[in-house]
């Protein structure tokens, strides 16, 4: 059993990372294990920017967005030399295992560190995009989806007032999960995702017909992976002749106080991951499959591509 | 295959009932089936207060709390004569199947109607308490949990400012699910649920010790099934000598615009339930088990008692 | 005393327009005066798209964003012929006075209609920009400022996590009011408004110094009237070498359920404006000066330029 | 000119107290004046629980509810001996002036301290009740009104679903301001305030008539100063025979992230109060009259009774 572990957040922040780190810290202390917090991701690790954590270190953070540990880009860690240096620092500090919370880029880095240096690594999927293979859920995705739906509600007000079309570009380079879930929940008329082809001419014909019949508002959600919402909105406006506005939500999708779903699942994952790491397990990522917590092979998680639940695609068609 | 169905909401309203009814209506129309909306629950049914629905009948409702169909108590329906009358009205209207969205009381009524009159019935669990057997999820429970957590955040502000203890009574007569999920997510110090005994003396001793050490706020969430939050808060205030305030959240827990989770799951359940009813299935309730949609025997759903996931009890201890 | 009036919303919608229209309708009915609602602004007026309103016509709308009456652009109304036609329609309908809710463009149109045709006109300032001369307040400005501050809170989370600078472009072509009020309330480090010059080099030097000392986040609010937030953000990123992200909030600023301030002030203005119009007054706009409702000459309101309270400029410096 | 001042929060906390304290601190530092923060109100003062503040001491607090300085009851300060002791501590610390943020009870205490010991005192009205004489505004009142309106929106959902009457008890022992402003903004059917008599029989008759005509929801807002919402709700339910539910909002009204209005006005008041105290002024409270910042004699502020704007009473009648 490990006696000292460290928790680190890396890559883009997501709401719920604090809840996960809090659960890791409190579980470790509950088990009598020393736990370090590393500031600013791998960059902080290479700068030995870390501190030993007490229970109070994670008080009053479960409701905060972002990550109190900080995160940063770190090119040096992408080199074998950088990872060797990171390993030496962990050894020097007496840290026997590393718990990493981040997206697939960050998990990939952790996997290399483990493969090269043999230090135990357990990962948690922290990204709003919900695009990590092997888990139905990633920390922050529910809060981000709710943030987008709140924006859709606001945009619907002004769209209806003006009989406009509004095109909303949301995050999701490789995955349309956010666009699909927020679009269905926001009652969007169309949802464009990278996983599915679409016929812009057909969409524009249909929009023209429905507005001619008196329809007063349409929300079209576009995942950034499909292309620029601005460009697509321009085409739709030109083809339909209907007043069309574009909204690129950007980084507000990453922030905000985490939802119950994110606080709870992040807390549950944090506990399980801490227990696993302490028990000596390594090279795994914890996530949810069919509502149950599962451990996924770290290598599989970072090499496979997650696909979108076809139920969503069908549901979007029926409900719109 | 059925040619005409009706959708009804009954019992206490919950956020997401509108999303579910919307999915039922649009799925039926998509399948070319006539669909009626019955107003004000079984009372409206006995008064023939119903209307045929079009796709626009459910526009602009997915974001609304409550139920646009309305709901009401109906003692007459609790009698065999009342249910016979209800059946005759459905037959007269050419309605071949009934889709009911409500809590277990409402589902029990539907089960009797089906058993006595043989009309196809499919149910959806609509209650914020998440206490329907056979499903991990009920429509409205996620929104209610988020509403409670928002209240906890506000109460934490004023608790910290005054070094107070705040006792929050939340809904849940038979089930501690809401209290547990909201309590863990809100970082509550103690969570009292009907499924578990508690030692108020031990709690008060512990609170005294922690406040003596400088702790500035404690949130104690009490499920109404445990007893009156007011009474429990009074005891805690007296035993600890610490300034203790009580908040009984009441009906605000039932309202509010549904969360993404509730909109999405309600929509998915609505589609599946409509398809099942149209295909002639009966005496089933649709819900989620381990993240997947499942159908539960209606009789089992209304006779068995749901228990609370022990993971929550353990997690609450470790994190508080 | 007039016996029949009409209410119309025009130009960009703003939260609280519904509250104002509701107050106009209920005040007129309370006074025994017939009141019409005109759909889709001047366009609807020219299409005779209007209906007589009852008290229930404005039920359940005070909490809605946008305008239930709708609004639209109308080039025809910008011509004397168009305005003559509008006048003839009003006369035909027996409408003796027009109450217009809109921004200064819309008020300008109303002023011409009144000048050319002599029909009584009373205006209310409905715009989130708070840029109408003669009034400290315009309907929707408080809700928009709160929407921006909520966005700043979300962006602050992710800015702190990454030690980033975030540049937020907000609405306000001629006026920096929204940027200034939201920036001060959001604790923004810099606020760029059209009313004031700024030294980007000095700002960048200062940012470099503060980040070198460990500052972790900066929010820079830019009113669109100053220039493109994207362009300014690019310059700041290049000059400082600090990771800088841009957020263009766009139309979400126009939507959302109105705040108490907007509901209350819009209701108070609606009552006063309706009473004034009914009593035969014309060519005035109602607004707030120093917390009191005042009437402003319509011609003055649309010809003078409002300036920004210098207190805000000073306060922003001291508090940042 | 004073060289060292202290800021203290006392009595019930209210959202925006942090924004005010932040403005006091930053203004003092901007003027080159030393500024102390006193923890836990007069109790902390008597315990010498205070610290010198830097600009960073008030970073990241403008968006927080409650008061980071803390507040507490302090019987000892209510005695001349206690106030003498407080004065001696201030002198010992070299503190030449005290800036107090609190309700009228707290201001009264400060006024006595000043009268007995001659130390300069400047006050700011911090209370959600908006019941301090001489100012149209108190810090926290706008946020509390918005919190109540959000609750009304949630309660309206479930009231409409069930055709219920809902009685909401809100804060305000002496003043009906909160009830009136939130009630008008929430579209309440009736608003009961201590400043005005009411006829419960007439209200019940009217409710019966309207429900008989098909009305589906009524919200009745009751200021606690009028009496128990629970008792009044019971009477209404009995007299009308309509299903009536009661909601006692309680302490959630005190918490929450402050609104733009509260952040901005608290910041403006904080600056002005700090400048006045530093310049040697004393025995004044800063507030708003007709939208302008004014200074009120401290003795007048704590001895006179504020009345409710009759416009609100009239408006409530016309709009409901």
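Order of writing sets the chain letters: A, B, C and D. Residues in each chain are counted from 1.
Everything that follows uses one rule, which is that a contact is a pair of C-beta atoms (placed from the backbone, for glycine too) under 8 Å apart; a residue touches a chain by one contact, two chains touch by 3 or more.
Source: prediction; values computed, not measured.
The fewest steps needed to get from chain A to chain D, moving only between touching chains, is 2. Chain centres here are means of the Cα atoms, and by that rule the chain farthest away from chain C is B.
If you average the Cα atoms of chain B and of chain C, the two centres end up 40 Å apart. Chain B and chain D have centres, each the mean of its CA atoms, that are 35 Å apart. Between the CA-based centres of chain A and chain B the separation comes to 28 Å, rounded to the whole angstrom. Touching two or more other chains at once are residues 153 of chain D. Chain contacts in this assembly form a single closed ring in which each chain touches exactly two others.
If you check each pair of chains against the touch rule, the ones that pass are A-B, A-C, B-D, C-D. Across the interface of their complex, chain C is touched by residues 22-23, 26-27, 30, 60, 62-63, 136, 142, 145-146, 149, 153, 181-182, 184-187, 257, 259-261, 263-264, 267-268, 271, 288-292, 311, 315, 318-319 of chain D.
Residues 9, 12-13, 15, 40, 64-67, 70-73, 147, 151, 153-158, 160-163, 166, 216, 243, 245-248, 250-252, 254-256 of chain A are the ones that touch chain C when the two sit in their complex.
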